[in-house]
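Here the chain labels run A, B, C, D, E and F in written order, and each chain numbers its own residues starting at 1.
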């Protein structure tokens, strides 16, 4: 089930930091994909449902260069099947010694309307991918062809990515701090809560810049803060 | 397809070291499960076909202690379905911070006639498991319940284990040096070749103990060595 | 506040695996000291309240060999102050490239009636320490004097040890699987619950050895299992 | 005791590379905070006395989101107590899987006149922090709230940060190569020596750019070099 | 034997990603220097023959600051002996806790016409080196003087760098994805093949941007693709 | 220059822990080979001069199984050239994913009178090697043939082993805590000092077992301790 458009729109306005706090309040502490960062930190926030690809260690006899001759090869097939608006998430076993994908495949995803791509390995042609419009997240650049190390084995199954659990359809959000996985059934409520939290954080940031202490302000333990925030929202029309 | 009994018998007499050399000659360099060792190095060599279990990172809301109430839970189901004579191989994402299994499940596998168990994580109740007859291999002891970290997600699919590719049905062999994975279609020929290599290595070991140089002997670059080996085999009836 | 004698006695009869499950049920997932194992896995279970020592990285000018001339040196002082019955827990910053302590200090702890010693670094004189009666747990043997790397800085403050939080007075339990930290206020109830769990696990182990399937038995989802277990306890007088 | 203004001014003109060499000459080899880099490498050099915060692993029951309601929470208190001109240094146990702090707290430090912030973990809101005027150094961006992993436990005690020993009051200097810790009692003399060394390095750099060999020039083993350098300084009025 | 100028020119127009694929086809899977990236990813591609320097762990008594007084010190000597057009490759044992070199030595290499510098450790003065014209590749910035950790021991011998084998005279190519090592005897044919592959990849990239599916196009399993590519080359005059 | 027999005899009676302290007093802090342990911790202490072998990453085309046909292959040649009484030390780049050597080569060393073997990688046939009389030290068992990963490139050159510098001729001592490297020119004086230190440690150990506090005893800051020790030595005839 795809993300609601309103949820998608909300998630684009909040940070992964805020989302992880909302998840933490619900007892979910492992939803951040660890050690994965954007190739271009200046891109807008990435949002989409997870479409997954699972890699396993490549056995040499099963992974000559000729395997890509097969139109049904799971990696190439996945690239063509990932729905527009989704985020393509690859379980590369946290191993960036060979590439998870390169610029041609990532370009194809972009053209197909895919919302972003994430691997817990690395991309080749990283400079070109960074210049594409589609947001991409990895551990580090890695030139060697993925056949050196990875064999694509399964499409759209539950996977691990950077120690986070990823189920197909989970909401994936990525910004300069990395990528977070929101369980599908929580996407709407987390989006709502994160938008509210962001309102308050914006208010706090403004006050702190003006010289206010954080004590009593963040969190808003004083009644005065809560009153002031209400007035601020009204004033700003937020 | 199960291993032939003759192949199984041969593999029990050879070492993982010899097998990796035979695989290396065929261009297979990644078949050793890395950093995994026997809980009891004194056990006989473990041999069996791979039956696999895949773990992914556990999401907290999906993994309360009550999940094991479900008779269909993939981990418990896998324990009951693993065929006698097979080796139970778990992809624990190389993470031993929580247990892959404990002594009760491993005892159940033993009673069911399973040939061994391997994880690239760790076992709890490790002292008890070491005392069982069934050979077990892991990275290190790990007490925390597997729900802390691992969610069983798939049974008998291709997996990675300690950076080695494991396909269901592959021949798994384990000794004091660790565990090697022989692709199913090569099991018979590797078994034959490894038995032959072992004959020669035994001959060489004997000669080296007697004081012979390795030059010309190992490998047998001198005709005299090959003649002497032929005589030795005849003499020993091997 | 020291552990009650009854709690201490109970904890000596249960495993760290069982304890981690009881802690997991209470939402505590990080209480196992990671990657730390006994020097002698055959020793009885270690139980005691935590007495802590904190190391920080050694600055060379502050750590010549002469510092031990000072009777007030925190390491030596801690050795003399650790209460009998306590477990001496060292935060070595998970760094075993130099020793946390050696056989003379550990012998002194034993003579003073200390219940055990744990470091997330390593011990020197490891073979001698393994032969002492006092249980000791570390990552690996490490010969270099601790001044090479560690400076003792604080005694009996809250510390991290192997990624687990340790507060002075917490109940520390160690066996062949490693060392677990029970928050002080939970020690009594965890001890009780773990004893009960162990009763059931012993029953299950017996049944599994007799050939029973784990489904319906472990956990005891079937009424019949619970009835049978009640009878077994009565029968065994447990 | 705060840094002398003259010392502070001198340290702002020299590099961490030069300082580590001056420390090396005094037998101090471990004063570089390892694997920590600036969020914005283009900022001016950071200089200030260390004010420290110690984290330990977070125990779940002690770290619900509500702890920040407490005005005395060590992390929030430390933020308000760190003196203007100081550098706020956090011992995050080298663990960047959760945030050490976020943009609101770092902004508050900036407003309060703090000279910089360093953690051997990671910051959330990293893009915003990079845009602040205050220099910040970490291992990598990390979105999850620090309660996920870290519990603030002690303020202004000696700590380890990235394997370097840090005592409150030590002089902290950070540039594009990372952060170095100068023991407080050496700050003045190291500042003087580093300024002198920098004069010579600038001279050498100029000569090397002009095509001079490094042999005899760097270090200045030839009398001619020393004479030339003296003339160069005179000429430049340095 | 230096690289042919034509080979050098060709290698400057292709990517490390393309080269690793050409090497993979020849059974060479380990030629990428792992975890090493450019200080300035915007520089043109680096090409040159390997001139090597081997570091070993520094013994303190052999590595006082005075060793550089010796004109024959292997590090300084290597800097003066590296041929113009070569790439200076340092085996720093993958350890970036101290510097492999700093800006003065790298400037000297640039003035001498050296084509680039690579270490599997780190550089000090990293911001200055990034601004030089000469391309430089490392793991991360590292301020401490190399004497802290590294002792230069051998010049122009076979070494390991980032897990890749490097023989003097091998062709070294570096771009934003990192650095690849082409065995000397394969440099000409790899250059030719990579240029051809790049032609095709450019064609594919153009078609993918136009909306074409990758199936049948990449690789060119359909006759139509091959015909179209031939026409495209003719048209473009490539 | 071989070790004096008297020095060799003395070193056999002292521990690596004591030796590292004697080295620490001389400013040598990095002489312990890190993370390397005996295959059989019960063996007597290993002592001998270093004879070294350097491995580099194996390039696939240079390392087919047939290379051992060459009598001049550096690994095989080194085995035959290592002097009796020496310790064979291998720089395996701290990589145990393939074997450094196996039981046949180690047996040959034993027959030739070599005093021991050390690698910072791993041995295959580890159970057999553990049963040989010759002491052997490694990181962990590793079955794959060394050609998978390692290429022997140099004999008896200075190397790194487990982050320690090893020069040919250095005195190598190994026990249950691991292996330490004594610079050749210090071997005699370290042996003398370590024997003296061991006398005192034996005295202290006896007193501590009798219930004495360590304060004033260890180190012997009280005159009474020194007098008592003198009497103890006289009494024991040591």
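The criterion applied here is as follows: a contact is a pair of C-beta atoms (placed from the backbone, for glycine too) under 8 Å apart; a residue touches a chain by one contact, two chains touch by 3 or more.
Nothing here was measured: the structure is a model prediction, and the numbers come from that model.
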item: Touching chain A and also chain F, the following chains; value: B, E
item: Other chains in touch with both chain A and chain E; value: D
item: Label of the chain whose CA centroid is most distant from the centroid of chain D; value: B
item: Rotation, 0 to 180 degrees and nearest 5, that superposes chain A on copy chain B via CA atoms; value: 180
item: Relative to chain C, chain with the most remote C-alpha centre; value: E
item: Chain pair among E-F, A-B or A-E whose interface repeats that of D-E, sharing over half of the contact pairs by residue number; value: A-E
item: Centroid distance [mean C-alpha coordinates] between chain D and chain A, Å; value: 32
item: Approximate Å spacing (C-alpha centroids) for the pair chain D, chain F; value: 39
item: Centre-to-centre distance between chain D and chain C (centres being mean Cα positions), rounded to whole Å; value: 37
item: Multi-partner residues of chain B (at least 2 other chains); value: 27, 29
item: Interchain contacts, given as pairs of chains that touch; value: A-B, A-D, A-E, B-C, B-F, C-D, C-F, D-E, E-F
item: Chain B residues within the chain A interface of the complex; value: 26-31, 56-62, 93, 95, 151, 153-154, 157-160, 163-165, 167, 183
item: Residues of chain C defined as touching chain F within the complex; value: 65, 68-69, 71, 76, 79-80, 97, 99, 102-105, 107-108, 111, 124-127, 140-145, 147-148
item: For the chain B and chain F complex, residues of the former touching the latter; value: 15-17, 19-21, 24-25, 29, 32, 34-35, 37, 41, 175-178, 180, 201, 204-205, 208-209, 211, 213-216, 218-219, 221
